[in-house]
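A, B, C, D and E label the chains in the order they appear, each numbered from 1.
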Amino acid sequence: MLKIKNIETFYGNIQALKDISIEVKEGEIITLIGANGAGKSTTLMSLSGVVPVRSGSIEFLGKDITNKNPDEIVAMGVSQVPEGRRIFPLLTVQENLDMGSFLRKDKGEIKKDLEYMFELFPRLAERRTQQGGTLSGGEQQMLAISRALMARPKLLLLDEPSLGLAPIFVQQIFDIIKRVNKENNTTVFLVEQNAYMALKIAHRGYVLENGRITMTNDASVLLNDENVKKAYLGI
Amino acid sequence: MKLDFFFQLLMSGLTRGSIYALIALGYTMVYGIVKLINFAHGEIYMIGAFTALIVSGVLSMYGMNPVFIFLIAITAAIIYSAAYGVTLEKIAYAPLRKAPRLSALISAIGMSMFLQNYVLLAQTSDFLPFPELLPEFGFLDPVKFIISTNQFLILVTTTVVMVLLTFFIKFSRTGKAMRATSQDRDMAQLVGININKVISITFVIGSALAAIGGVLISSHIGQINFYIGFIAGIKAFVAAVLGGIGSIPGAVLGSFVLGITESFGTGYISSDYEDAFAFVILIVILIFKPSGLLGRKVSEKV
Amino acid sequence: MKRMAKFFLVALVSVAAITFVSCGKKEAETIKIGVAGPHSGDLASYGIPTIKAAELVAEEVNAKGGIDGRMIELVIEDDVCKPEVAANTAAKLVGDGVVAVIGHICSGATKSAMGTYLDSELLAISPSATNPPLTQSGDYPNFFRTIAPDDAQAAVEVAFAYAQGYKKIAVLHDKGDYGKGFAEFCKAILEADKKAEIVLYEGITPGAVDYTAIINKIASSGADAVIFGGYHPEASKLITQMKKKDMNIAFLSDDGVKDDTFIKVAGEYAEGVYATGPIDTSSNPLAIKAVKAHQDKYGEDPGAFFINAYAAMLALVNAIDVANSTEYADLTNALRSNYVDTPLGKISFDEKGDAIGVGFAVYQVQNGQYVELK
Amino acid sequence: MFNLKELRKSFLTSLWFMFLTFPIMVIKVNTITDTVEWRWRNLAFVGVSAFILSFVWRWALDRRAKGGKAKKDGIGFKATVLAKTNQYKLPGLIGIGLLVAILPFFASMYTTSVLTTALMYVILGLGLNVVVGLGGLLHLGYAAFYAVGAYTYALLHYHFGISFWVALPLGALFSAVLGLLIGFPVLRLRGDYLAIVTLAFGEITRLVLENWNDFSFGPSGIANIARPGIAGIKMKLPQATIFIYFIAIAMVILTIFLVNRLENSRVGRAWEAMREDEIASQAMGIDLTKTKLLAFSIGAVWAGFVGVLFAAKTTFINPASFTVWESIVVLCVVVIGGMGSIPGVVVGALVFTLLPELLRSVSEYRMLVFGITLVIMMIFRPGGLIQKTRKSYKFKKEGDGE
Amino acid sequence: MAPILEVDNLSMVFGGLRAVDSLSMKINEGEIVALIGPNGAGKTTFFNCVTGVYVPTEGDVYIQAPGATERRSIKGLKPHKITEGGLARTFQNIRLFSNMSVLENVMIGHHHRLNSEVFGAVFRDKKTREEEEKVVHDSYEILKKIGLENHVNDLAKNLPYGAQRRLEIARAIGTDPFLLLLDEPAAGMNPQETKDLVDLILRIRDNEKISVLLIEHDMSLVMNLSERIYVVDYGKLIATGTPQEIKTNKEVIKAYLGEEVDA
């Protein structure tokens, strides 16, 4: 479904991604793990078209999306929950969700999806008319995920959904991710620093170090790999 | 008599305030979306006025009906101001989206100089009489001394335009996209908003409002030259900051506060310090409310 | 190091370029006359007619073989009406070896340039700088002008106001050096005479988007006449809005308003406005000739101060001719002791530098034209 | 580059600009004389230039986007290691010094006079650089301080016959005091708010000078201000011009020396820290109030000096010389030259003042070119002509400190 | 021995929200204390109240430098005064002086201990020169201890992430504090870097005699490093004690750790 081939990305003179190649199959949860600054977020931003790619290509559903505008990529079915949640602070919860379905025209279906979100996250229904900025961290994460889902993405990109959350929330969020993947057959591309949690729910994983993919395998294999254990699982 | 004078000044303040508001809205909307002081915005206002002058000048040679002339002239002014606004953004600001704020400010100052001199060279440095496009009709006696038909039209037009704008921003899809973009540009992209389009639309709307202001006031004052934009621009900028830059109701409120302050200052104290009143009230308000009357307090996350 | 070198280079090149630009060829054959004033920027329309006047006179003289065989060469320099620029402009003219200067146009720029000319023993004849101290302070013995000073104009204006029987007068100005200076003199005279009351004395803000506040104030002051010091753009805005409010208060203004542009801009609202201006010399044969020459050459009517500049240039040429010299002392002497025929009539200059024979009259707009009131 | 797609793009750009400039460039309506002039030639001119320039523009933007590489091996002023330039620095400085010293004796009075003006902008730029470049405080009312210096000398000279040399420190002092006065209320403001408030202060100062006749003589200004002399010798104009030139040179040298010293001191570091992050700098023990006020008043000192010099040079001042444009010009000098960089500001000031003089022959287009140059500079060389290089420290034990 | 920091019933109210709700705390000389709690529990607000970024609505903060005889209140003082008093901090989102060199960043830390003013800067008298030399030398020494001596002339913004975190600590040490407040020092570090950080903090405590109060999410770091832990939730203190006690505290598990993750 998604084929990233040898992409390289630069910030000014500094090369952030070096020769990255990743493949994602439909229905999968794959995870990209790595330390802070390894280039995980850059990978996602390149995918979404926010950061331009200097060389290499990205193919989604057989179409070339390299350096397309972000809105075109979203229109093709790629939604992202960025790091730090990025809720529109002055829009209400409802309006934030509306923004998620910005490119959709099917009003009836949008309404259905909205109900689905409120079922997934009952907390959001309670806070429907509240401004996004006044939500707690965990609630914001829920809102961010449901906002992305409102676009009915074929591929959901998640950037560090566990960051800054209390463990109790982290567990909840990961459960939801699994559920979304199963119920809607949404493919999930998960970027995580919490390697343990990520590898537990993912099918396959990639390890990113200093802008390079250094390892890739089934999640269960990686979970038991000595090097991974040492470097990322703290064992 | 005393009360008359008071109301006259109030109306004059409101008229002024409406014009400032039409220009200030452009400043504040652009600021909200791209966090940039569009220093050349006053020039867009001036270009709107000039376009209207040129169009009406040509049309009146053919002896057209004044009402048609007015409609065509103001349409042309809106179209051209919007076109200049968008082009300005593409040339001078778009390449600087990621640059430091100061660079964009200097670029805007450069553009302001350029546009002033462009009109100066292509047209003239003289004041040109601006045709009276606003239809005159007579008010009855007591009203007549308080507000002129011109002032009345300016007030009405401004009010209508502002109500429309408010609805547009609040409820339309594009309006929502604009608000989202102003709050978090990258995230707006990630939900599928084409921010280039949103920025262009912002410039179009801001410039169109300035053009309306330009035509109304030029018709009221009766003459224009290439420099009118700079002075009006600075005042509108002050108004926008006074109200809290980035806030649309703030710009309107700020403009009225400014207009009324100037008017009463002139009426009851002296017009010698007319501009000074504007600046003093700005300073006083910012001292007590550092982000303006309705500005959102930007508490930096520590 | 590269940086240092670049820096050095930039400095060197700029300096060299300026030096080259300024050290032109020096031919002793021609008589160089400087022409200075605003030739670009927003006040250009006040400065450019002077260039044209100087050019026309120079062409005519040169066509007749020059002055004693020496051709006139004009050195035209822009001062944008800014004192700080005028100081450099003056230095440039001095450096170019001019024998005298026609200009400057604005009083402020003139004051800043005159010091330079005085030290270099150069004289200047301004067609338009009306600030009284230029002649009256005695600071600039090298200054002459072919226009009457503001205080003389103010005296004419106020006398006219008395004659019309105005008792309550609002004095306004545009806060500029010319307009405010004029208003100050009117105020001083009115206060000294006590024949009429000043009910309002204020500056308006040029370029403001609306003048209704000040107009309301005029209305409520009960004035029966307004004296306005300033230029025509502001005057036409004021009069237009006053008339639209059906205010029938007499409007008196100055030479800055006695300009046909004012009538065209203000249109029907200009009717009845009074303005002081130099005594009408349009029937003077030389004036007719000068205007015609201008129309022939440039295809349009001359602009502001054209006649005064023409007169200044003629006076200067005559002085060079009479004195048979281009030395400072000879020229000033010749200017003071000789009468010369100009479009302004037969003029000479008094000890202070003001033109004798140039005075002011009051005009009124009647049927779309300024008509001199006797 | 010249494929069909590019041609199409340029063609469309060209059409757009023809549409855009049509009313203003082609039709000239004179509502005074009721005439209309159609200048179709301009349309063709715009069309052709837009077509060509759009290629250049896209090429330049493209090159900028590829950025890094082109810059590194290409041209540019960048010098990375400052310490190593010492061997060239001395002869270079001596060269410049010699040139500067003998120049007025060869050049015309006009050249000297223009150079003096340029030097005054160098000082103004360096002074504002303290506020904007080091302190990070966007200041748009700098002309007010300049005015205070000029009026200090003009008024004291007029009323009491005070000499230039006495007025010089007084002008700086008053200017610094005004800096403090303005500084206090704006302590809490930042960025754009600070910019507009300083602009307001600048304009208020000018309006007071314009309207308070009894104090400042209003718009007609003050004339006959004495040029500086030494020991009562009255100089003729050419000598006086040269003398003022050397005073300006001395002041520039002194300013560079002082600013350089301030920059590399505890005070200068505090300014920069404040520019980088106000909250962090407070947490590191920097007194923001004091540091800000110091930046404002020290910056004002130089404006005061130049103000006095300005009054002495032009011998006439009025409020029209101290408008908001003046403040903007000085700000442009700093930004174009290179914020925080002393050589940058020097070059910026020279370019800014000398270039318009060179362009005198095409004076009408001067401001037009100027405006567009600012835009282009900001897009393609935002760091200014000469970017700041930081002082580098060496430590013995380390071998190579870098 | 008197505590070096004593926070007495401190509350901070924003609008109607009690971000910090009568929180008390004591830190003794030489201790490493951790403050933990779920995101949004008010930890950073607490830091900001102590360091003067906010003025607390209620309560008081006292410090008593080691060796000093009297404690004094620092409530309501400006941040720089508190820094002068001997508290230094780092920030959750790194706030370095990015366009200044690494060495200069540390030199800024020394700012309040130096005396030279404009006069000294201009005339560079003997005292100033000596002072400057000492600052450069001292700053360099700190960088050596932190392990950044090879980056002295680099711009702070060009440092790798982990190094930036360490530079923030170096800069704070430059202020010569007796108590260091670290706001999520390990955020974004990989396990190896976190391990080094633990060593570094211990070294700072042992060699520089600086006590430490830290906010952290990384439990391994908190449990390994701290001698006492304060746990807050919704602005309120819900538990305090040694790591062992906290690990087993039911209240804490419920509010914070959730169900035990089988790691």
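Following the convention adopted for this analysis, a residue touches a chain if its C-beta (ideal position, glycine included) is under 8 Å from a C-beta of that chain, and two chains touch if they have at least 3 such contacts.
Just so it is clear, the structure is predicted and the values come from calculations on it, not from any experiment.
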| item | value |
| --- | --- |
| Distance-maximising chain from subunit E - centres being C-alpha averages | C |
| Remotest chain, subunit D as reference, centres from CA atoms | A |
| Identifier of the chain whose CA centre is least distant from the whole-structure CA centre | D |
| More contacts between chains, C-D or B-C | C-D |
| Centroid spacing, where centroids are CA-atom means, of subunit C and subunit D in whole angstrom | 32 |
| Subunit A and subunit C, separation of their C-alpha mean positions in angstrom | 73 |
| Intercentroid distance (Cα basis), subunit D paired with subunit A, Å | 48 |
| Shared interface positions of subunit B, touching two or more other chains | 126, 128-129, 272, 275, 302 |
| Multi-chain contact residues (two or more partners), subunit D | 32, 211, 279, 364, 367 |
| Complex interface listing, subunit D residues touching subunit E | 258, 261-262, 265-270, 272-273, 276-277, 279-288, 294, 298, 390-393, 395, 398, 401-402 |
| Subunit B residues within the subunit A interface of the complex | 173, 176-177, 179-180, 183-184, 186-194, 196, 296 |
| Subunit B-facing residues of subunit A, complex | 48-50, 69-71, 74-75, 79-80, 82, 86, 88-91, 95, 98-100, 102-103, 147-148, 151 |
| Complex contact set, residues of subunit E against subunit D | 51-53, 78-80, 83-84, 88-89, 91, 95-101, 103-104, 107-109, 111-114, 116-118, 120-122, 124, 128, 131-132, 135-136, 140, 149-150, 152-153, 155, 171-172, 174-175 |
| Complex contacts: residues of subunit D adjacent to subunit B | 16-17, 19-21, 23-25, 27-32, 34, 36, 42, 61, 64, 132, 138, 185, 188-189, 191-193, 195-197, 199-201, 203-204, 207-208, 211, 279, 324, 328, 331-332, 335-336, 339, 364-365, 367-368, 370-375, 377-379, 382 |
